[in-house]
Amino acid sequence: MNEPLKPEKAPAGHGGQTKSGATRREFLSDVATGALGIAGLGSMVVTYRYLSPNVLFEPPTTFRAGIPDLYPQNSVTILPEQQVYIVRTDSGFYAVSAVCTHLGCITQWKPELNQIACPCHGSKFQQDGTKIEGPAPRPLPHFAITLTGDGQLQVDKLEIVNSSQVLKV
Amino acid sequence: MPDLENKYEAGISSNAKKDPVRVVFVTKKTSAKVTGDTSPQVMSYPHLLMRESIAFMVLVIALVGAALFWDAPLEQLANPLLTPNPAKAPWYFLGLQELLHYFPPLVAGIIIPTLVVVSIVVIPYFNVNVQGKPLWSENRKRNLLIIGGVLIVLGILLVLTDAWTVLAPTALIGLLIIYSYFSVEGTGAFQKYLAARPLSWWVMTWFILVAVVLTVVGTYFRGPGWSWVWPWRSHVG
Amino acid sequence: MANTSSAGGTLERLRATRVWKSVFRRGPARTNRTRSLAVFGNIFLHFLPVKVREKSLAVRASYYLGSLSFLLFIVLAITGVLLMFYYHPAVPQAYRDMKDLRFVVSNGVFLRNLHRVAAQLMVLVVFWHMFHVFYRGGYKPPHEFNWVVGVVLLIVTLFLSYTGYLLPWDQLAFWAITVGTNIISAMPVVGKQIRFVSLGGNVVGENALLRFYVLHCVVLPLIAIVFIAIHFWRVQKDGGLTVREDNAGPGK
């Protein structure tokens, strides 16, 4: 089984070449490589699906915010766990995201300045989410806010609505 | 380098200035070894490495096949207040747990495993019978007396401690040893084979047999309270 | 797959690319010199000898038990790491994670089964490997030290299996480990202290779970890797695999 020293050039391996250009050895080699490739690819797909959780234990994205009377007229109330402001104006309710659109810090409502301010890089927003100044690229989004059958406010963070939309109560 | 029959020839120029890359002169059919060896050798790549790759693929196929059919068990949440009956160790320790049934924890749990490990470790350093001479090749009568004596003492000890799951395989080995002693010209192949085994083989085989019997008993034949059960009568193990 | 280039199959054309050649610099291993270099010059493969005795390649020579032990270790490491992504070593979260793996996680059942099957098989194969090396005399000089390294690896394997056994935190796990650690406390003088340190307390509780988790996932695998490396290295340096025709072993 010891092979004698061969010159350094790789041998062409073309013995028995068919008209289509592949020897049996090359064909089998390709099939084997393909099979291993499929196995490898399959393993990667299976692993990726394994690593993507099917169930998350994070706070729900649709939540209830209590009855409208909890919120005084012309107020801005932050719900810290959901990271949402419930804003009540003369025309009605809307829900504004408290997450700064710059890099994700949680903003703070400053009633004395009538502004929503982000502590990280100084972005400032009006209470309807419009940007006043700062590095934030977009205004704060509004979430869909509805009234449930038993008279509670319900916010759905997955549904972004137009900032002019207001829930009349 | 050991004295070789094949002399090597430097067929390539080894001018250090012109061709500075040198690995080692590999002579035909040999390698740098501790002792001289003339059996034929082959390159690790491809022969060994391809075989290892195949072994890996076969292993993965077997494992995946087994994993698709056998589910790992999951019992109730751990409850410190409720001991299942019986409370069994993992299978590789069940032999030990079976021994614990006969001997106190210090003996069965500490002394015997330590002795076993120490014995296994010192095997190569004892070098008592390097040539592997059969047990009955010399001093037949003397060896028979010693072996017989050891077996009788061991047997008495095991009977006194009621450790019959150890006694049974020991007795079997004892019988086989005696059987091999009486191997003469014209006896069967198996008997001749046994007669050619050295003492170290007998000791190791005895150890393996006892360990296997203990483990099998601990897995399948022990039920609540470590009592004896017949596995086909109760779902144990 | 018809090939039109003169270099041959797909693999050949891949090998001819510049990128490939910058990684695998010696070219295809078609001469004995390049084959030697492929093994000798590779950081992973240099644990193996450049040449092996032809007789040692037969399945009957070793049943590839040593190789299988190592390959099983690799399978266990990969499946183990994947399982770690869903497992919290806390009480009782660990048990909930086991249920999570079984009912919720895609392919969770399969992966856990794979890990467990490989673990059981590894204990079996490692024992069998030791017995087979004994029967073919592979422990004789100059291989004594490697035999001892092998015994160390056997003990590490048993401890790996034992520490892993606790992690599901079910009744089976809890009581098996309780029995085991009570045996340890029977050791004279130091038994109780050893039990105390290994459990992180007097009972099998959250400390024990965390300690066993660290041992199982970090400490013992690292020790195993070091000793596996020594084991391979010694096989290579002591002259390769022992084949029974060369060394009259103690029997069989």
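Each chain gets a letter, A, B and C, in the order it is written, and its residues are counted from 1.
To be clear about the criterion, a residue touches a chain if its C-beta (ideal position, glycine included) is under 8 Å from a C-beta of that chain, and two chains touch if they have at least 3 such contacts.
Note that this is a predicted model, so its numbers are computed, not measured.
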Chain pair bearing the highest count of C-beta contacts: B-C
Chain whose Cα centroid lies nearest the overall Cα centroid: C
Centroid spacing, where centroids are CA-atom means, of chain A and chain C in whole angstrom: 39
Euclidean distance of C-alpha centroids - chain B vs chain C, Å: 18
Distance from the mean Cα position of chain B to that of chain A, given in whole angstrom: 56
Residues of chain B touching at least two other chains: 40-43, 47
Per-residue multi-chain contacts in chain A, two or more chains: 1-2, 5
Of all residues in chain C, the ones touching two or more other chains: 32-33, 54
Residue ranges of chain A touching chain C (in the complex, touch as defined): 1-3, 5-8, 10-14, 20-23, 26-27, 29-31, 33-34, 46-47, 49-55
Of chain C, residues touching chain A in the complex: 1-6, 8-12, 27-28, 30-34, 54, 82, 85-86, 100, 104-108, 111
Residues of chain C touching chain B in the complex: 29, 32-33, 35-40, 45, 48-55, 57, 64, 67-68, 71-72, 75, 91-92, 95, 98-99, 102, 109-110, 112-118, 120-121, 123, 127, 130-131, 134-135, 137, 139-144, 147-148, 151, 155, 158, 161-162, 165, 168-176, 178-180, 182-184, 186-188, 191, 203-204, 237-240, 243, 246, 248-252
Residues of chain B touching chain C in the complex: 23-24, 26, 31, 33-35, 37, 39-49, 51-52, 55-56, 59-60, 63-64, 66-68, 70-80, 82-84, 87-93, 96-97, 100, 104-106, 109-110, 117, 120-121, 123-125, 127, 129-132, 196-198, 200-201, 204, 208
